[in-house]
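Shared between the two complexes below is chain A, which pairs with chain B and chain C, respectively.
What follows is the complex of A and B.
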């Protein structure tokens, strides 16, 4: 089971109301390689992957939910004081009409989240390679969002998340090697 | 949200976040390096430190977790302290 902890993994600060950046950040909330996709992808792959790497998928999948809450906090803080007019000017007029200031699992272009973003092939290497690619894509997206803002407080939180993608990709690459090594051992016997 | 948040709240929270970050990193590392004795020792040592730090924080600012993993004073404290996106 999962137990919620009432704190963020890393402090989230923003220095101004900025719905324009919030609109881009939604990509990491409900986009193809966002945090929701990541969490659901890894936790769902656990049931058909070798025991040796189930722990890693469980732990990274769980950490992704902490990242999802950080992104939600960023979006919340960037938009909570925005007027309908400011939302509209930031390109969030449609969002305001449909959701007010509520969060919604969609990408930066307003496309709702879909399970088609995530895969589970039952083949450990195919799944892990997808996971590595997803982390690298998320890392790149974080960089592009960092480039789109001059808010150093926001950048600080985004840089933390960008670095986490790198660490996760590294651990997944090690998991690939563990599975390969395991197969080699089995061939010998 | 009746408790006023002071400097100390943010300082203690940060201390806990720092300990927990080290523990997350060690957890993922140990998932792929299960035989690293030194990392394991560091993990167990920090886990103990983390527990003390969390207990101290909870005494002051209320429960961090639910379903029996944290204690509560009367009346039920769960919604009394601010949520993570409100601080």
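What follows is the complex of A and C.
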């Protein structure tokens, strides 16, 4: 069960009318290493992973939804007032034809989100290493999106999200260490 | 450790018949989590206001990144 707090995890400010960047931000919305993939991946892996790391997956999976909400807010702000012409100039003409100014779970190239982006292998190490890789890929994606905009307010929100990826990868690395340890085993010498 | 800088450089092969002006140095970022196998107890902390702004409570995990897009829109770095 979840408790919803009706505010963003970090304030989202967009100070430049630039729908072009919305098209790139969609990668973190419905892309392979985006926030939706991350949330669903972690919250699904929880059921078949040792008890001691279930809480970590719950916490991080939940936070990913908070990040998803921030990305959605950024995309919404960048596109909500765009005319069909502006959408087309931003490379979003096909998006407008299909979705008007609505958001949709797809990547920056317009490919719809698919569960094939995520995996649950049932092996704790395989799953945790996938999670670490996903965090590092998301961090890299944030870097390249930050490189694509000169809006410092938008960069500010993206830099926050990028730092969270670093912290999450750290926690998953720690989960790997916990899985490797065998402190509960009775040792007879 | 990232004692000096958080990036690493490498020098890709430059061929005599490359069609575009070559980049002689390529750079990638190495986040601080790569140097901490398991976070020790009682590390120094940011103030709560700074922690919110930076996205982490821990200076040891803070790895900032600056945009390669300058305010005037021209590209810098590489």
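Operating definition for what follows: the second predicted complex is superposed on the first by the 182 of 189 C-alpha atoms of A that agree within 3 Å, B and C clash if a C-alpha of one lies under 4 Å from a C-alpha of the other, contacts with A are read in each partner's own complex, and residues count from 1 in each chain.
Just so it is clear, a residue touches a chain if its C-beta (ideal position, glycine included) is under 8 Å from a C-beta of that chain, and two chains touch if they have at least 3 such contacts.
In this text, all values refer to a predicted model and were calculated from it rather than measured experimentally.
S.K.: Which of the two partners, first being chain B and second being chain C, lies in contact with A:129: first, second, both, or neither?
M.R.: neither
S.K.: With the two complexes superposed on chain A, say which partner A:105 touches: chain B (first), chain C (second), both, or neither.
M.R.: Touch partners of A:105: none, neither chain B nor chain C.
S.K.: With both complexes overlaid on chain A, does A:162 touch chain B (first), chain C (second), both or neither?
M.R.: In the superposition, A:162 touches chain C alone.
S.K.: With the two structures laid over each other on chain A, which partner does A:73 touch: chain B (first), chain C (second), both, or neither?
M.R.: Only chain B is touched by A:73; chain C is not.
S.K.: Once the shared chain is lined up, is A:59 touching chain B (first), chain C (second), both, or neither of them?
M.R.: first
S.K.: Would you sort A:4 into first (chain B), second (chain C), both or neither based on which partner it touches?
M.R.: first
S.K.: Is A:175 touching the first partner chain B, the second partner chain C, both, or neither of them?
M.R.: First partner only, chain B.
S.K.: Do chain B and chain C touch any of the same residues on chain A, and if so, which?
M.R.: Looking at chain A, the two contact sets intersect at 10, 167, 174.
S.K.: Give every residue of chain A touching chain B within the complex, in rising order.
M.R.: Touching chain B from chain A are residues 3-12, 53, 55-56, 59-60, 63, 69, 72-73, 76-77, 167-168, 171, 174-175, 178.
S.K.: Within the complex, which stretch of chain A touches chain C?
M.R.: 10, 136, 139-140, 142-143, 146-150, 152, 155, 159-164, 166-167, 169-170, 173-174, 177
S.K.: Which residues, counting only chain B, touch chain A once they are in their complex?
M.R.: Chain B reaches chain A through residues 13-14, 16-17, 20-21, 24-25, 27-29, 31-33, 63-67, 69, 81, 83-85.
S.K.: What does chain C use to touch chain A in their complex?
M.R.: Residue positions touching the partner: 29, 31-33, 36-39, 52-56, 58, 61-65, 67-73.
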